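Here the chain labels run A, B, C and D in written order, and each chain numbers its own residues starting at 1.
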Amino acid sequence: MTKKTASYFDQVPEIKYEGAASGNPYAFKYYNPEEKVGGKSMEEQLRFSIAYWHTLTQDASDPFGQGTAERPWDHLQGMDKAKARVEAAFEFIEKIKAPYFCFHDIDIAPEGNSLKETNQNLDEITAMIKEYMKTSDVKLLWNTANMFTHPRFVHGAATSSNADVYAYAAAKVKKGLETGKELGAENYVFWGGREGYETLLNTDMKLEMDNLGHFYNMAVDYAKEIDFAPQFLIEPKPKEPTTHQYDFDVATATSFLYQYGLQDHFKFNIEANHATLAGHTFEHELRTARISGMLGSVDANQGDPLLGWDTDEFPTDLYSATLAMYEILKNGGLGRGGLNFDAKIRRGSFKPEDLFHAHIAGMDSFAIGLKVANKMIEDNFFENITKDRYRTFSSGIGEKITRGATSFHELEKHAMGLGRIEQDSGQLEKIKAGINQYLLRVNDL
Amino acid sequence: MTKKTASYFDQVPEIKYEGAASGNPYAFKYYNPEEKVGGKSMEEQLRFSIAYWHTLTQDASDPFGQGTAERPWDHLQGMDKAKARVEAAFEFIEKIKAPYFCFHDIDIAPEGNSLKETNQNLDEITAMIKEYMKTSDVKLLWNTANMFTHPRFVHGAATSSNADVYAYAAAKVKKGLETGKELGAENYVFWGGREGYETLLNTDMKLEMDNLGHFYNMAVDYAKEIDFAPQFLIEPKPKEPTTHQYDFDVATATSFLYQYGLQDHFKFNIEANHATLAGHTFEHELRTARISGMLGSVDANQGDPLLGWDTDEFPTDLYSATLAMYEILKNGGLGRGGLNFDAKIRRGSFKPEDLFHAHIAGMDSFAIGLKVANKMIEDNFFENITKDRYRTFSSGIGEKITRGATSFHELEKHAMGLGRIEQDSGQLEKIKAGINQYLLRVNDL
Amino acid sequence: MTKKTASYFDQVPEIKYEGAASGNPYAFKYYNPEEKVGGKSMEEQLRFSIAYWHTLTQDASDPFGQGTAERPWDHLQGMDKAKARVEAAFEFIEKIKAPYFCFHDIDIAPEGNSLKETNQNLDEITAMIKEYMKTSDVKLLWNTANMFTHPRFVHGAATSSNADVYAYAAAKVKKGLETGKELGAENYVFWGGREGYETLLNTDMKLEMDNLGHFYNMAVDYAKEIDFAPQFLIEPKPKEPTTHQYDFDVATATSFLYQYGLQDHFKFNIEANHATLAGHTFEHELRTARISGMLGSVDANQGDPLLGWDTDEFPTDLYSATLAMYEILKNGGLGRGGLNFDAKIRRGSFKPEDLFHAHIAGMDSFAIGLKVANKMIEDNFFENITKDRYRTFSSGIGEKITRGATSFHELEKHAMGLGRIEQDSGQLEKIKAGINQYLLRVNDL
Amino acid sequence: MTKKTASYFDQVPEIKYEGAASGNPYAFKYYNPEEKVGGKSMEEQLRFSIAYWHTLTQDASDPFGQGTAERPWDHLQGMDKAKARVEAAFEFIEKIKAPYFCFHDIDIAPEGNSLKETNQNLDEITAMIKEYMKTSDVKLLWNTANMFTHPRFVHGAATSSNADVYAYAAAKVKKGLETGKELGAENYVFWGGREGYETLLNTDMKLEMDNLGHFYNMAVDYAKEIDFAPQFLIEPKPKEPTTHQYDFDVATATSFLYQYGLQDHFKFNIEANHATLAGHTFEHELRTARISGMLGSVDANQGDPLLGWDTDEFPTDLYSATLAMYEILKNGGLGRGGLNFDAKIRRGSFKPEDLFHAHIAGMDSFAIGLKVANKMIEDNFFENITKDRYRTFSSGIGEKITRGATSFHELEKHAMGLGRIEQDSGQLEKIKAGINQYLLRVNDL
């Protein structure tokens, strides 16, 4: 195989760091891969990843309209289109300077007329990607199996009401693990798009959840069998397309993992927009996973708080990026995970150039978030607040409470001896003003 | 002590069952306590309970307005008012024919100037209630400690940032368990009104959750110590008053219980309006608890799906009542739990008579739900749907799946042998028409 | 042209009324076209209409999955498929006994390679439909132009940022009016799917709204010119697919109509699910239009209050159907409008039979709503409540207030003379119990 | 009357501008009253106003808890407390350097036992405030009548079901206009807290809206009669406390004004949190009012997008502040309006110092927004985007469209001559990155 020489994005140069004052739309203003922040390079801290589906595969359609995306490979079909996308992917990822990418099986290769043919298509593209990876620094952050697009998954995959579909889903994940091994994936993700219910009125919830538990256990077993040790990740989402997904949020999925004895085998891939759809902030989900030691990877995007569906916008909100990076830094980084742009250009941003604008916007936003969060940690900004706020738990009865070394008897005795309890203000408004001050000083960092 | 002779609700007679055709607003049209449905009397199946706070204590104020409730005890103060409320409570509960009631500590007795004085007030009213219970059939379904109204709980109770507040909360729960034992409570409830956070920006979430875990463990220990064996219940709510409550929903609280080794000591008290605030249906929360064996009790009310706060309306939606009763019947009933009307009259329904209208509306609605759900179960309405829908899991590879007795190898082999998988329609529209038909035939049951 | 002889829905018989006790899924239990309710036949009162797009054209895809619908015409393409759909449409509509249907231009005929060719396709199918209408009782309730699916409408149609697109949209509506005239449509509908903005950040809202005002005025002018006098209808929707639609709800669109002098030329086509997406009940939107004399027609469906997008479910909620029919009956009926099932079968209800189940469910629900609402009106149920509640406005100062015949001076003087104002309870709980009683007696009506 | 000498906020100094690098919590980092931005001083551009109710009157209670606020006047009662609040108000407002304040009648003076006594209380405090204003630069931005707190308003005020209540409300607004005149108020505000319905089931919506129309007309008449010419402002809010407020949003209230012939007498007071509760952005409401010439004043606060009620937080989101200031600058400023902090400290921020922290946070945020928005306008940032985007409307058929000077005939002819229409990308992602760049350069402005 000869690597392509033609370019898909000739009009766009390699994206370089030019600094905050740059007026060049095709330059990073903040993301400077080699720059050290918090003891590591930005590249190591942020571990950006490109989502193949949004960047290479999707066409910017929506429920009320046909695709608008204009792509240089639009004239191609089938495997030819798939191969063009691989070529374009490597060009794009290298130009945008992301070290990683992610994909679902059907993002990279079209389904065939049988499972066997589908797997052959997949093998052919996998081999092509592997070949490209040899001469590229681009690595695979994670892959997954799409078990929601095809009509066969109408009633779910590992929670389908039909055993044949369950088997088919198992075959797809088996193949996904083999593909991941072949390409050196660092993680394997489960997003249960249709693992949930449309209505309880025809659903045996217990049977479906039990079957899902078995499914995850088989996946863990098979990976071990083939000597592949990715970090398994669950990506929670509360709803859409199903009315209720079983992996509603981090806490719900944690409950599931405990009930099926899987808590040591999984971490979470947390998506910002899924968090807000579940009624949480992005940082809530990150924190919930972090304090349980289960923060694995991140789907970096943002939603529109006034819309009730997953908009998967490119992340540009600097508050959210800063608080996310705070959680990640406090986690000691993402380990094998990364910041994957599970984000799609708006339907109105249909030009190939928009893919670059959008990723630059997102990468700069997280670079800003990294710098601001790191500075706040260096200054112990939040740490000083909580250290003071919880100071009564550092000694005496408070310290015993934190150790679980007291009793209702002792606590009642303590309470009986109290007069009016003096409380501290939570000072939220002052804290928020402080965060704004940190943010606006980023150009000096 | 002499029991009162004066009436608080002279204008309202004892509420009796008169049947569906009755035009008497002070009569049950469906709730007939002695009538047998599903092998038990309606009274035994429904185990209705009156919420002391909404019916006796609250004044119908809202965040934008003073209380409007007109109550016969409005002219009284302090312990005199508390005693009048006890008298009125027994008159009301007996007239409305509910077998149970529930209360928070400060619903029944005012706080004193010290914890000691508060406990004395509580003891005095507890003794009075106990005296009334001797000559009444009314029983205590559950009690709990209010740890959210007083300013000391501004930053939480068992998750407060202040150790003194934690101790004070422990003293209140200790007293609550003693009160519950004294009055023969069947359950003890935790609703963590301020157990959560207003903002992550000043919150040590791990410390707070660890402290909460210790707190629950101490409660379990203390109950055992005093030889009191209530069913402990957590009542999940996602938010309000805090931005985020730690007991967001059944699944979240289950995760918490597992992480703190408490899963065998707790069940859930599920409130309809809390379910919808969390983005779930009432029946979702009931089902989630049921299939984990953790459905303990129910706060029967309803919310307004277009409003974003807990409206605690009296339950009149017959769809919701029917699906709730279906879950309860499939659970084999509520055991020690009951259907507690954690529901408040609207601010505009401020007359004492409205308390009767509202409870009659709610009790009739659940009586209808019981009759309809029982008939559907007798007919195997839902059971036939799921039996057919999941039939492929009854034998062959499907049966092995449900036992966890297969592998990705075997499943892949099965999938490779499949042609196009035939799927069944989920038939949701047909099912919904069927439910309407059942509902509209209730007068014939 | 010879009309088809082959059947598309052989497996389903003509749907007949069999009464509430019927167990036949292919029978009406409540909708009895000839039965008189409120002085007219059910058929005249309800004026049911079939939405061509959901029933004949759509494939049950969703944003995460391919179409699942199994239709007898799936093997056909282009104009052949369009013609098969016409044949199937008449068979379906006649079997389901709906007197009306509705369509968007591209529902009935595929777009060609040019506007001219598209119009030729449209003419050919229009002629075929006209031919079928000659020997059928089926009539056209309304038609409209789809100006949201094609990529050219990415930035709107009559509010596009591109003048060519605006012209194209005008040509489509011009053709739509001609088609409507040809087929005797009773109304012409505007649903502004992309008439709004995705983001204010690049939007000239004033220019777009001015252009839209001109557009509506030109439509009114052109209809007059061709001697076609449909009732023009705006169908409000707050969002989806755009972030903000200019016709957010009835009140917003009314403001628009006044600002552009169009208030006498338009009424509203009110969709239940659009109402709830806007934060209103269905009956709120109906009432708002009704009291302004602008209730024109209805898109009968329902949403899922826990989902944030337009689910367009078939309407089965009897509360909603009853309150909707109350508004319609108080409006003196729908005039030239009808009850159009802008409702789609769930993605999991993909069999042709489900189209029948779903319509039967919806038609029976509105038949029940009609009977219940009519009985309540006969009994003056709501009228007695409001007559009593507002009685102080019948005489004295109250009567002067309603006539606008008083002043702040007179009112202050009146107020100064008042003692404590006695208020009535709003009695919401009692009213809701009353509604349940009416509903459950429908089998006796 | 002697003005007080004692201080209520001794611990806090006069707040001065110290610049972005300041670490002094009691200093402005951005708000520099005399600094010129866009041709006027910041003080003139921003016209900050203090909300008496949140800053002086409220106690930080919430629906689940008693007030937590610690205020130096907590020990006082009745008129003594009211007078202390006036003294504290002037001290606070002067220290925080706001030129304006706003109040409801009952914020400044307690209700008496009769309307007459209430008015006497009001007169006494009004006189005291007038005396203080003589030696202060503080001015009254607007006042209003609280017609939602007292139980008499349980069913509304100008939309009450009781004519006596309507009269009482009229007397209050009459007094409010007299008070406004006495203190030189620049505007008079109507926020219809209970002007709406709890349920349609007992509501005569037409009668209520007609009465409200008469009420507004009488207010306009009375102001003219007493030679007082404030700008009348409606403050829309969609819901809370009522289920549905008649002034849902700007568009809804505009429709109302047109229907009652009031459109020339009113502008809008737009609150950020009310906008988001209605499903809109703050800037949407500002834009909607602006392009109709009806942007009057602003209640500057922010909500929590994940909570469904009005949180009235102090505004610290710099995106929102920037886009709001953009609308205000494009409006040519606020005229007689101002930026009123209708914002309350969190229940957990209960110390007097928090009032200063919170206002500093809000004032700095809007100062930043002003500087950033002004710079963007100087650079024609948004103007260049829209100029290019809508360029086809500058000439030819586009220009005729904008003038309403074309027809469907001409437009169809134009459309027939078109080939594929070339569209521009909306470039939202690039625009958002640009806004971030502007924001982060504020320290250089």
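Methods note: a residue touches a chain if its C-beta (ideal position, glycine included) is under 8 Å from a C-beta of that chain, and two chains touch if they have at least 3 such contacts.
Treat the numbers as computed from the prediction; the structure is a model and nothing was measured.
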Seminar exercise, completed: By label, the chains that touch chain C as well as chain D are A, B
Exercise. To get from chain B to chain C along touching chains, fewest steps?
Worked result: 1
For this session: Matching residue numbers in more than half of the contact pairs is the bar here; say which of B-C, A-D or A-B clears it relative to C-D.
Result: A-B
For this session: Overlay chain A and chain D by their C-alpha atoms and let me know the rotation angle in degrees, rounded to the nearest 5.
Result: 180
Seminar exercise, completed: Check: interface with higher C-beta contact count, B-D vs A-B, is A-B
Exercise. Any idea how many Å lie between the Cα centroids of chain B and chain D?
Worked result: 40
Problem set entry | Cα-centroid distance, chain A relative to chain B, in whole angstrom | 37
Exercise. Where does chain B touch two or more other chains at once, residue-wise?
Worked result: 151, 154-155, 198-199, 239, 279-281, 306, 346, 348, 350, 423, 426-428, 432, 435
Exercise. Viewed as a graph of touching chains, is the assembly arranged as a line, ring, star, complete set, or other?
Worked result: complete
Problem set entry | Residue ranges of chain A in contact with chain D within the complex | 20, 25, 29, 68, 276, 279-281, 305-306, 314, 316-319, 345-346, 348-351, 353-354, 357-358, 360-361, 364-365, 368, 423, 425-430, 432-433, 435-437, 439-444
Seminar exercise, completed: Seen from chain B, its contact residues with chain A in the complex are 115-116, 151-152, 154-155, 161-168, 170-171, 173-175, 198-207, 209-211, 213-214, 217-219, 221-222, 238-239, 244, 248-249, 251-252, 254-256, 258-259, 278-281, 283-284, 287-288, 291-292, 323, 382, 385-386, 389-390, 392-393, 396-398, 401-402, 404, 406-409, 411-412, 414-416, 418, 421, 423-424, 426-428, 431-432, 435
Seminar exercise, completed: Within the complex, chain A is touched by chain C residues 62-68, 148-151, 153-155, 193-194, 198-199, 239-241, 243, 277, 304, 306-309, 346-348, 350
